[in-house]
Amino acid sequence: MAINKLTITLFLLISLAVFHCLAFRVEVQEFEPPQQEGQEGHGGGSGEGWDEEATKNPYHFGRWSFKNFFQSQEGFVKMLPKFTKRSSTLFRGIENYRFFFQEMQPNTFLVPHHLDADYVFLVVQGKGVIGFVTDTENESFQITKGDVVRVPSSVTHFFANTNGTVPLRLAKIAVPANVPGHFQVFFPSHSGFHQSYFTGFSKDVLTASFNVPEELLGRLIRRPQQQVGQGIIRRVSPDQIKELTEHAISPSNNHKNKKDKHKDKDRSTFGSPFNLLTQDAIYSNDFGRYHEAHPKKFSQLQDLDIAVGWVNMTQGSLFLPQYNSETTFVTFVENGCARYEMASPYTFQGEQQQPWFGPGQEEEVEEEMSGQVHKIVSRVCKGEVFILPAGHPFAILSQDENFVAVGFGIHASNSTRTFLAGQDNMLSNINTVATRLSFGLGSKMAEKLFTSQNYSHFAPTTPRHQFPEKPKPSFQSIFNLAGF
Amino acid sequence: MAINKLTITLFLLISLAVFHCLAFRVEVQEFEPPQQEGQEGHGGGSGEGWDEEATKNPYHFGRWSFKNFFQSQEGFVKMLPKFTKRSSTLFRGIENYRFFFQEMQPNTFLVPHHLDADYVFLVVQGKGVIGFVTDTENESFQITKGDVVRVPSSVTHFFANTNGTVPLRLAKIAVPANVPGHFQVFFPSHSGFHQSYFTGFSKDVLTASFNVPEELLGRLIRRPQQQVGQGIIRRVSPDQIKELTEHAISPSNNHKNKKDKHKDKDRSTFGSPFNLLTQDAIYSNDFGRYHEAHPKKFSQLQDLDIAVGWVNMTQGSLFLPQYNSETTFVTFVENGCARYEMASPYTFQGEQQQPWFGPGQEEEVEEEMSGQVHKIVSRVCKGEVFILPAGHPFAILSQDENFVAVGFGIHASNSTRTFLAGQDNMLSNINTVATRLSFGLGSKMAEKLFTSQNYSHFAPTTPRHQFPEKPKPSFQSIFNLAGF
Amino acid sequence: MAINKLTITLFLLISLAVFHCLAFRVEVQEFEPPQQEGQEGHGGGSGEGWDEEATKNPYHFGRWSFKNFFQSQEGFVKMLPKFTKRSSTLFRGIENYRFFFQEMQPNTFLVPHHLDADYVFLVVQGKGVIGFVTDTENESFQITKGDVVRVPSSVTHFFANTNGTVPLRLAKIAVPANVPGHFQVFFPSHSGFHQSYFTGFSKDVLTASFNVPEELLGRLIRRPQQQVGQGIIRRVSPDQIKELTEHAISPSNNHKNKKDKHKDKDRSTFGSPFNLLTQDAIYSNDFGRYHEAHPKKFSQLQDLDIAVGWVNMTQGSLFLPQYNSETTFVTFVENGCARYEMASPYTFQGEQQQPWFGPGQEEEVEEEMSGQVHKIVSRVCKGEVFILPAGHPFAILSQDENFVAVGFGIHASNSTRTFLAGQDNMLSNINTVATRLSFGLGSKMAEKLFTSQNYSHFAPTTPRHQFPEKPKPSFQSIFNLAGF
């Protein structure tokens, strides 16, 4: 009896030992609570009978993936985790890039700060001002929806939402300067939320540096009485807004200034903002519009090798199947919902149960090329992010309303885009014999298949030659078709 | 008694716990079955009495190291594992490069596909055609032994072996675009071996994209009846070969086309093939010949910073001791066998028994500079790969027959080659006082030692001043000499 | 009873199992023996009542951090460990750079060798000669204090201290060519300390390569009798010194040679040495002087993207608070002691007790941006190294005597420097409304705080408006001030 009891105790102890070992590796962070993800995944709103795969989609970051850097009633800054925390292999090529997002309520001010990272942002909504401060000048620019701004590493800058009604929303991508994939924010001033970087210095150094009485230094490193509880985003008065706006260069007088002051050199450090939406759309028809700023054209984007894109699709339209040759797009949904579909030959962690691969460790990528294609499908909605890796064919199908998304293309300078359907699609250019050998299609059939779509880039989802007699296909038939 | 029995059970359980812990780390993959490696290592064929070191040579990849990506009677594509799987430190500098090899039987066709990787290939045997397909054109090139071709990431292309008797053999090196050190292949069409990437899309998207009846889509995503069992390499008829060849640009009309059509810009995307063997050899004498294409000369190789080399040595010749300053050569043996010898001050994993360092984890490099030099020696034969890292002195001694090897030099643009023997060897240029201080040699002795070799680059292994009275040295004496 | 005894045994066994698991991860190397670090940390010599924080400062490398590569009575070469061994995240951006240091006694010679790394060195003391040997020539340069020399990867070179009284001291930074963060040294000749790389070759290859009798080869791969016990640094006679110096190009005849021989192209490989101290100081006043060579100006530094700096401060001076925008400076103290203070929002390993994170593994960086600022403070003295990462505000306060430090700035080409105090400080340029919103300061107060310091870049630590009535602040008050 005693022995039996002992045996049980021992089992428990041994389990403890084993568990202890496991505990060192089970550090997988769940960025998205499972129940929430389910909610996001099974987008009931589409009503199109689309049954999403149960497989976790590593390329889709729901709202729950974001971490709040700062949040108050006046606005927030939130950030996606380092991509390699989601998958240390799939995203290793973009691990040094971080996506973050900033929203400021009307009539607010974000205090001066710098990052140990270069970054590019796109104004997705609203109007405001960005002010750059250097040891030689203070230069502010008015920014508005569609503006793209490059902020170099360690340049001190502040923001203001100068509009009285609309929030100012900025999508941002950072390239850290010190620690790949990580950056921090440095504030010269103090608040209820953060410490001034002057708290890093001793009183000796500060008094000698500023050559002022000790008492005055308190303003640098202690938070002023009236700001207790204030965060980094602060409400400002109309007068202050006016003053901030007055000194800001607007796009219209930008060119004039350049000619007058011959300051081009100085300004090129920050790169004047330019507006993406006033550029000609590179693809445009009744169903959608796509604008893109390429690093070869805009010097501000050149050294970071980042392209910026903006897609706007009418309800029920299709951004035709395509792939980018070198660039990986980090795409943020600004309005509406869409279903995006992507084909991937990669096997990823979500499919294999390997709970011991913690963040920061490289999991094994399946070396065998299986010849199998994985269906990556998600419904993506406002505030969410999805990734479109290089070479992966994808399509975007706008759903309930107009769909607006913006994207940052990483490694963009040599990248091209290849469409797989529509006018000028790549498949229609495969020569006759190769088409027959590959698809088993004669030239007539091939022509029918590859040249029936008369639209380019964007197309309607309701086919123009109807099959009125056919009901919506059952799920079963879709799977038969796709999975075979 | 019961207690004794229990104790044994407990020991077993505890062992299990310990083993469980260990199991997390013991993930070392053995790419080469030990018995096979032994076979390769102790090359009995040379008959020169060379006794190879028992030490595992991390720089030598035998045939068993390759993984088959695809294999059928019509040909194969096989690939070396990521170099860092062999040694995560020694090869970290080249971890983003992958070597692979393709062989197609006479009169075969490899279906259109793209990679999420840039790559460069060299035709080591045979004749054929490569066809590039974009959304604006379809351009084919005739390729032949010695041709070097750059294939940009995500460009759809197909191959044909247009020769009726000789296999088409291509050595390739890839620079992945998404996941460092990993790439995948994407096929628009379906086969018995692989899925079309269109299987990643739903029927809704496909019908809307192609604007065709659902029935026709089956040809895209289902394999045609007549192709059941067919792989990605397919036998083709003489007529099809003829048609494929006719449209292909041959090197001779290549220049004409350029002048006529002024298409230089378009074509530069793919980079027209150029032939390495029609370039002047940079080293050449009766014992061997070395051709090299440098990225500074060939724009196709420039952004990948890869050089391509081709060495051809007569039987029993020596490629004199030398080192490359910046480039690491990944070298593939196309014909014959050779012994290559290399000096390395690095201590590597194979020497230390550390079974818990799994792939993907950085093992410790011995930090202490021991002053010790390791002998890296292997007999390398047709179909095998060996690595020549930057700065490491090496020599190649061709054995049974003509030795032919091709190499891809990584980080090549600023690299130079330094010979340690032969005319213009570096050692002969050390000034008198430095020579005396370093080698303890007077100027006469130094002259004798460093200037007796009248050949450059390649030399015979039978010394021209014989010692007929001396027998072949015993193994013992070699070791005394070398190990001391 | 027996069961109790058994239970104890079992506990022991299970502990063993658990311990076994732990043992796989407890590989943290202690580079600085704790007792020594304490000694360094609490620099009693300053006498200024500064109480250093107990926190381990990851940015400070004391003398004990260095590893000896070689040491004898004639001199030494010592090296810092790979930075990522200290912190695999904080230093991942500079993990491919290695700092090392070389000291040669008067009248000594360091035998020819090459590294599988590019490197840049700065002569911090003494006079000597560096000789470069290639397969086409042997070129020597005279070097003196302040000279900067670029040594390309794999170029064979030797050193001589040609001065009869002063040691030759060189601070070096290497960029490895093969294994990121690791390099080795290759010697053509043999010594008591190291093996010639010719020991890596078999007798067959060596006799065929040099075409000499076997007996002569012994001089290459065996150490000569008279050099038993000799290391890589050797004492040389005045005659030999004379001979080595005679053939060396001195800075004065450097230009002449260029014109005469039109050899510019060849020489650009090594980059002629240039003197940092004869360049105009970029900052200079009574309290200090700062020289910097920028990669945009000096082609030798361009491809490595390294800047070289030299600061010289009088006793009791302050290098005003500032930060670099993109570059991380690896700084070596050549004379005196200083206190350096730095503000960091990063949380690092030293603060969290995570003994299982061994070297080479990426520890977790705290993802949450806490708003907290860490005080990084250390007293740094001759022979020690400290790191100044991009974007991090820092100040340097020279203490007992003149303070001289040299720095290598990594990722330097686009970096700028921003001062936070002194004339032209950045804070004084924040506009009125932004200053009020951030610091809660009216324009008068702001002016007083940000413009009272009349000196630029360097300032005295004794404020010019004294508070004679106030005693030195107690430690307590400093902490209240700073920690709040």
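By written order: A, B and C. Residues from 1 in each chain.
Please note the rule applied: contacts are C-beta pairs under 8 Å (C-beta built on N, C-alpha and C of every residue); 3 or more make two chains touch, one makes a residue touch a chain.
Just so it is clear, the structure is predicted and the values come from calculations on it, not from any experiment.
For the pair subunit A and subunit B, the fraction of shared interface numbers is less than half, so the two copies use mostly different residues to meet. Its C-alpha atoms fitted onto subunit C, subunit B is found rotated by 120°, rounded in steps of 5.
Separating the centre of subunit A from that of subunit B, both taken as means of CA atoms, is a distance of 37 Å. Among the residues of subunit B, those in touch with two or more other chains are 3, 6, 10, 14, 17, 21, 361.
Residues 2-3, 6, 9-10, 13-14, 16-17, 20-21, 24, 67, 69-70, 81-82, 109, 111-112, 114-116, 131, 133-138, 140, 152-156, 158, 176-180, 182, 184-186, 188-190, 193-205, 207-214, 216-222, 224, 226-227, 234, 236, 240, 243-244, 247, 269, 303, 359-361 of subunit C are the ones touching subunit B in the complex. By the touch rule above, subunit B contacts subunit C in their complex via residues 3, 6-7, 10-11, 14, 17-18, 21, 25, 48, 50, 89-90, 92-93, 318, 320-321, 323-326, 328, 341-346, 356, 361-365, 367-369, 371-377, 389-393, 395, 397, 411, 414, 416, 418-422, 424-427, 429-434, 436-441, 445, 448-450, 452-454, 459-465, 467, 473, 477-478, 481-484.
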